[in-house]
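You will see chain A twice below: alongside chain B first, and alongside chain C after that.
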Partner chain A sequence: MSERTRLAVFLAGAVPLAALLTLALIGLPGSDLPLGDLAGTIAAHAVPERKGTNTVIDVAFDYRALDTLGEEFMVFVAAIGTAVLLRATRADDERSNVEERRELHGDDASELMRWAGGALAPVTVLVGLYVVSHGQLTPGGGFQGGVVLATAFLFVYLSGRRVASGRVNALSLTEAAEAAGAAGFALIGIGGLIFGAVLMENFVDLGSKGSVWSGGTIPLANVAVGIEVAGAFVVILTELLDQLVVGRGARR
Partner chain B sequence: MNAPAYAVAAWLLLVGLYGVVTSRNLVHLVVCLSVSQASTYVLLLGIGWREHATAPIFADIPTGTRVVDPVVQALTLTDIVVQAAVTALLLALVVQARKRLGTADPNRIGVLKG
Partner chain C sequence: MIAVQYATLVLVAVAGTLVVLARDPRRQAVVTGVFGLALSILFFAFQAPDVALSALAVGTVAMPGMILLALAMIAREDEDG
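== the complex of A and B ==
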């Protein structure tokens, strides 16, 4: 299909779509109305019932925890999928050279990058742990904190420090952490089935509102998800960065 | 009124789709898909927004304060996680396609594969 025909076909679909979207969005209820039944109930009862002051996390990790379990496994599968796809291409190149070039990478980083990366990595780890552990109180949670933790790895990489040396062990450790995090959340869910009545039921002491130990299984699930997401993103980043190393080696 | 949010959502969806249709590089295509997916965040948050309401975090406000919809915010969180996972997988596929077919231009891949 030529570019012109393709654009014509796109416009033939996009113009009616734009018209329908405008119609549909104009018909949405206004922002001066009170919250809907479900949202109103959650806003009024989540904090007294679950003690977690962040109602968004109360929804994601308690009332709608089953969905979040599926979501967590989606990240898990995406990380595995990325690793499988990229390792398949890497097998085409000479495998041993990849290891060698990884070792060489450390020489590329400038003095400033070494410094900045080294200084930022521990701060990032601290922020990540804070975001994971305070998800039930303030904006944050396992998903957000996990991604922050994974960026700490990126800082170490950019500073040219040897993530490379002994990396095979480090990567299998990350994969194990990822799997443990995913299994942890699932076990917390099954715990609800054993100690309570239904899957994902909150079965731990709820604690008092506003303390870090509040929300029962919510902070536990956040920690499990934080480990899982950090592991998954480190796996994804490592695999994509390895492609960079392979590509650079090929061009030289 | 949250009409501006809805307008931005519709614009992001259409401009992202335009980018996908006219893309000449698979990485660019993946980014354009992310742009059109970003419209769903704006739409969800726009639907949940209420006038004179604050964030649904009761850490330092009394229960019963007028807040925006917490349910759509939780859905937006799911949405963002889905996008991150999809983008990672698609980028891995792009790397594969570039290696196998020697090009990242979707037009030329079409020619090569018939």
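== the complex of A and C ==
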């Protein structure tokens, strides 16, 4: 395809898209307008009904929990897809190589990275746990906290410390965590069917407003999602890093 | 809209333009991180702290990290091949 045809094809798509986007943006209500009907209803009822002071999480993990279940499985499938694709491209005999290389990696890290990574990792774990467990009270929740927890793994990796230590295989552990988190959220949803009347119904004692133990199934679902998302991100990152390590080993 | 919100809009526009102007993919990955940070500040200024947290985690850490990893893999394959 010549440069001019490519430009023509690009413009044929881009110009209408830009026009439509501009139209859509002009039609948006201003950020200083009063809340819409639905937002007003949720804002008025969510806290008295569900005791969770963060109404965003009340919506995502209670009123519209089914959507969130779908989102969670999206992350789950993405991680599995990455693992399957990358492992298929790696030959079986390289597998043992990976374990060796992963242990050798410790020599690569500079002194500064060792200190910075080592100092930041525990703080990041703490922040991640806080964000997961306080989703029903303040901004945050399982998805955000889960990604924060996964970055702690990155800090550990960058500081060159061995992630897989002793008999525990860290990767299979994160895979198990990912699956358990995904299953946990689904089970909480089914619990609504068993102990309540409908799927995803909030069947646990709601507690009192403002307490960490408030919102019934909302914090439980957040913990499940936090474990799942952290596991999924670590699986994806480990697979990509292993892929690099295998290549580096082959070159040496 | 208040002045801070206007400022964050300008910041995101500038950061987005810089991502396009940085032609080297590795540089672009890092600038994308800065863009993600600007975006999360914007969400925060527009009273959406939940979205800001997501944008912060995904836009400034996960996405640039994965771009860098992918680039490293491509560079390695080029060397091998």
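Please note the rule applied: the second predicted complex is superposed on the first by the 230 of 252 C-alpha atoms of A that agree within 3 Å, B and C clash if a C-alpha of one lies under 4 Å from a C-alpha of the other, contacts with A are read in each partner's own complex, and residues count from 1 in each chain.
The rule is short, and it goes like this: a residue touches a chain if its C-beta (ideal position, glycine included) is under 8 Å from a C-beta of that chain, and two chains touch if they have at least 3 such contacts.
This one's a predicted model, so the numbers in the text were calculated from it and none came from an experiment.
In the superposition on chain A, A:A78 contacts chain B only, with no contact to chain C.
Looking at the superposed arrangement, the partner reaching more residues of chain A, out of chain B and chain C, is B.
Judged by the touch definition given at the top, the superposed model places A:V131 against chain C, while chain B stays out of reach. In the overlay built on the shared chain, the residue A:N54 is in contact with chain B and with chain C. In the overlay built on the shared chain, the residue A:L154 is in contact with chain C alone; chain B does not reach it.
Looking at the shared chain after the overlay, A:L69 reaches neither chain B nor chain C.
By the touch criterion defined above, A:P139 lies against chain B and chain C together after alignment on the C-alpha atoms of chain A. In the superposed model, A:L17 makes contact with chain B only, not with chain C.
In the overlay built on the shared chain, the residue A:A182 is in contact with neither chain B nor chain C.
Of the two partner chains placed by the overlay, neither chain B nor chain C lies in contact with A:A230. Counting contacts by the rule stated earlier, residues 30-32, 54, 56-57, 139, 141, 143, 147, 236, 240, 243 of chain A appear in both its interface with chain B and its interface with chain C.
In the complex of the two chains, the chain A residues touching chain B come out as 1, 3, 6-7, 10, 14, 17-18, 21-22, 25, 28, 30-36, 38-39, 42-44, 46-48, 53-60, 64, 67-68, 71, 74-75, 77-79, 81-82, 85-86, 88-89, 92, 137-139, 141, 143, 147, 210, 236, 239-240, 243. Of all residues in chain A, those touching chain C in their complex are 30-32, 54, 56-57, 131, 139-141, 143-144, 147-148, 150-151, 154, 233, 236-237, 240-241, 243-244, 247-248, 250-251. Every residue of chain B that touches chain A in the complex is listed here, in rising order: 1-3, 6-7, 9-10, 13-14, 17-18, 21-22, 47-51, 55-59, 63-64, 67, 69-74, 77-78, 80-82, 84-86, 88-89, 91-93, 95-96, 99, 107, 110. Chain C makes touch with chain A in their complex at residues 1, 5, 46, 49-50, 52-54, 57-58, 61-62, 65-66, 69-70, 72-73, 76-77, 79-80.
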